[in-house]
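In the two assemblies presented below, chain A is common to both, partnered first by chain B and then by chain C.
Coming up: the complex of A and B.
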């Protein structure tokens, strides 16, 4: 092993960091608060990929990285390691989520009905350039209904199970402290379902979308239809020292189920969920889950392929490491290339009768 | 629109649910007042930390970890051995301590009038916020028809 020393590097590194931070300008609490309040979907994305839910810290990470998402996720994940784990909450169940958006593309008459919630799905996407002309955009108020929507909506999959449309499922018997946890054990294949879904929950949105989209376009074996998409808020249910369970607060969550076709007398279903409201991610992730069962090894829908390649910190870290000095290894490539050229030049210059000819086939 | 969870003391659960989501300034002000009348308190823990949140997959009913939530925790006790506990999402140690102080006060002496008023008003406030939001959500309900 050989090394190349770079003189003056320490000063250059210091100035490079200063230049990066100078370009971003001062960061104060007001700036962090503005990011938190005005970019909730971006904050959600960062929290989901960091696997750490705190809007204030996610906004801070965005502020100090200038919105470079892989850096923001990296600093949040790093900060997470400084904190002790105090408890494991009671598992969130779908029909306990305070639901603010719930739609199905497969069934129009679902128990509880369809609620569009906050969405631009059915709107023209037009850039509000008037704002730049000095005309602020003030959103029109919602005409609230007389009665509120139910706080909770039933589980569609459970209703389908009762109708015999979805395969029966056994009641879980895993204690919360025994649930497999990727933050404390390696991802091994074939992955447990708990590992697969946890890995997808913290996966990089763009990566999941790219691979899920590949499956949707035909590079998978199942084309998805959204069975149910749900955005809501889940209670973080913890236990008081006297044993009383209570909610320490709520977190925004997204869930998607996608279905494809009948198999063995039941609808096939794929599932995914994540922190924050990020429906593109969960639809794409559920599509990957749906495709996993019969995926050829090495294909984009095989779990080993998509779980390894959508891990945000590892993927971005491996990518950016190629910027670091590789002079010694690259020098050996150059040496080999120059050696080959020299030999070819020498061979070309030699008299024809001295060349060793290959025998004809 | 109160959330309900098994198991445990129903009144205690309802109180903790309200305290954890009460408006921070009101919570802290009330705890300050209560503190003046309370004896020596031992702080067992007052720290930030993480709570891992599992979720149940609807396809195979498998529990998996969704991710961790940053919380603030306060755990205190008085000389008689009564325990007060607060845990709130986010990074606010004072808020968690205020919750623990009120919880301890109720454990030791029951609910005084001011605390009962605070709980009633915060419960009504939280319910009103939820109701207004869910009335807006209801306005987006759609009936699908097949043509």
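Coming up: the complex of A and C.
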């Protein structure tokens, strides 16, 4: 049985996993809670990519993977897919979002006003090294505005529609409960609008940024103007079997609408939304959406290209699978290569007049 | 009668991990795949607790087929104790209660990455191949929508041209594993990256083969007794790897697909790739009661 004794895959994988978990140490509810409270943007990003809104589970996934983002997303998605789909929430309308931040780069001021909300946009990005010198950082209190901003803000695109700048909204031809669900059916091309936006919503932030940035730099055909960027909370409105509609809770959402040039007498709009607050992702994703219409097949702004290649779980999984042994396929390649080399050597050694020429066909 | 007697105890996941809606979709697509041999069927491909590209497609098919009476063998590169094969087998058995085996003869389901076992599979066995890239046209047409159209039109000219160019440039077809093969005279499939050695084993086989790509969300099938013909020119016969003359340094077996083991002093030695076949040969030599099944290759020659 010497053949077996020299191997030992099962023991090796168990110990390798133990080593990883030992380095992270014990995980308790307090650690999960700390992650949830102190890293809201990280938790948001993971919830968005996992398409599962649960801060506690997302924090747990981060804790048990030590912050390895693609692993955290995979753990959450694998959990999510086992859960039943109990209800379908009413689509969220822009003017219903409890808005905390809403800006537009298209106009100096917009109906409802520019609401900066929480942002680092205008901060000086200085590392707070004082904290390490023993001087804790206590954020200075925020001075309230004289009048609080309205909780709900109108949609800028709605105003643009009234002005005839944006094409009238078309009535949806699909009932809300029949909207295709990307997590239950495959992505096919040309993708339905629902599938494209769902796929972008759960796309990997870095991947969307890279391809969106490529489009912005000039590899796309439309340079975006941020028509409206919105961070807020949306009520998840579901219907009770008795018919009553009620909010089952609130989720943090981001959405971006970008525009570029005129087409057919109207401004074109690109749109993206995701769970959690993740501005970079929605701006980049909306830019990809905006560019899709006229994208050449095979270009980075063509939907088949960017939707496939920003799929976090698939991309990271395939990348790390190259660590698996490939010696059978490699052996097959070697065999063909050695034989071709031997044939060439034999042909080169043969006298010139006896060399066989490929028949011309 | 009480509510408790009518319901099952709460469990974190359904039997076999996948929930009923996922299994229903898979079963439909698997039946469709059998009905149109070699044609790629898109499916939702749920996330499973394993990274994409690590056998998630094969796993979903196996989890749909498995039942408590199943016996499951999982191999990677021909080996049952490859780390990932061990991990997949442990998972399947944990969520389904199926028995585990290393022996091809006693398995009801064989899930494999990159190999078909050397022992002939029977009518009552199912082979599930893990597929990284289900699209044989990917090399000549990366766009999936266009490739789908080409399959619909049976437009395989670009593939034939690639093979012809290899002959012109290199004197032979350079395709290593994943040799494009015509199924039932209609659809060209990639037989997953199994070596050329293994492709004839799928032709007119007694067993059913599923090929499933989880990351790419496509599955296809070769039903029993279905033609699988590698694309070759009539004057350039199909060539399997030249392994017929190699001998396994551990088991003494020869005439099977081998792993090449580079040596410190230059040169190589070889080990039989179907590791459990090697183990059985050693056990037999040591006088232990062992049954070795009939093999597809005899003395290094394929004999159907």
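The definition used in the following text is that the second predicted complex is superposed on the first by the 324 of 361 C-alpha atoms of A that agree within 3 Å, B and C clash if a C-alpha of one lies under 4 Å from a C-alpha of the other, contacts with A are read in each partner's own complex, and residues count from 1 in each chain.
Convention: a contact is a pair of C-beta atoms (placed from the backbone, for glycine too) under 8 Å apart; a residue touches a chain by one contact, two chains touch by 3 or more.
Bear in mind the structure is a predicted one, so any value in this text is a computation, not a measurement.
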Chain B versus chain C as contact partner of A:128, first or second or both or neither: neither
First, second, both or neither for A:347, with chain B first and chain C second: second
Chain B or chain C, by number of chain A residues touched: B
Which of chain B and chain C A:172 touches, first, second, both or neither: first
Which of chain B and chain C A:109 touches, first, second, both or neither: first
Which of chain B and chain C A:84 touches, first, second, both or neither: both
First, second, both or neither for A:249, with chain B first and chain C second: first
Partner chain(s) touched by A:158 [first = chain B, second = chain C, both, neither]: first
Footprint overlap on chain A, comparing chain B with chain C: 80, 84, 183
Complex contacts: residues of chain C adjacent to chain A: 12-14, 17-19, 21-22, 25, 42-54, 56, 76-79, 81-87, 90, 113-115, 132, 142-146, 167-168, 170-178, 193-197, 215, 217, 239, 241-243, 250-251, 257-260, 273, 275, 278-279, 282-283
Chain A-facing residues of chain B, complex: 1, 3, 5-9, 12-13, 16-17, 20-21, 47-71, 73, 75, 83, 85, 87-91, 103, 130-146
Sites on chain A touched by chain C in the complex: 1-4, 7-10, 12-13, 74-75, 77-78, 80-82, 84, 183-190, 297-298, 304, 308, 313-314, 316-321, 324-337, 339-340, 343-344, 347, 358
Residue numbers on chain A that touch chain B, as the complex places them: 47-48, 50-57, 80, 83-94, 98, 100-101, 108-109, 113-119, 142-151, 155-158, 166, 169-172, 174, 176, 179-183, 193-198, 201-202, 234-238, 240-251, 253, 255, 257, 269-271, 273-275, 289
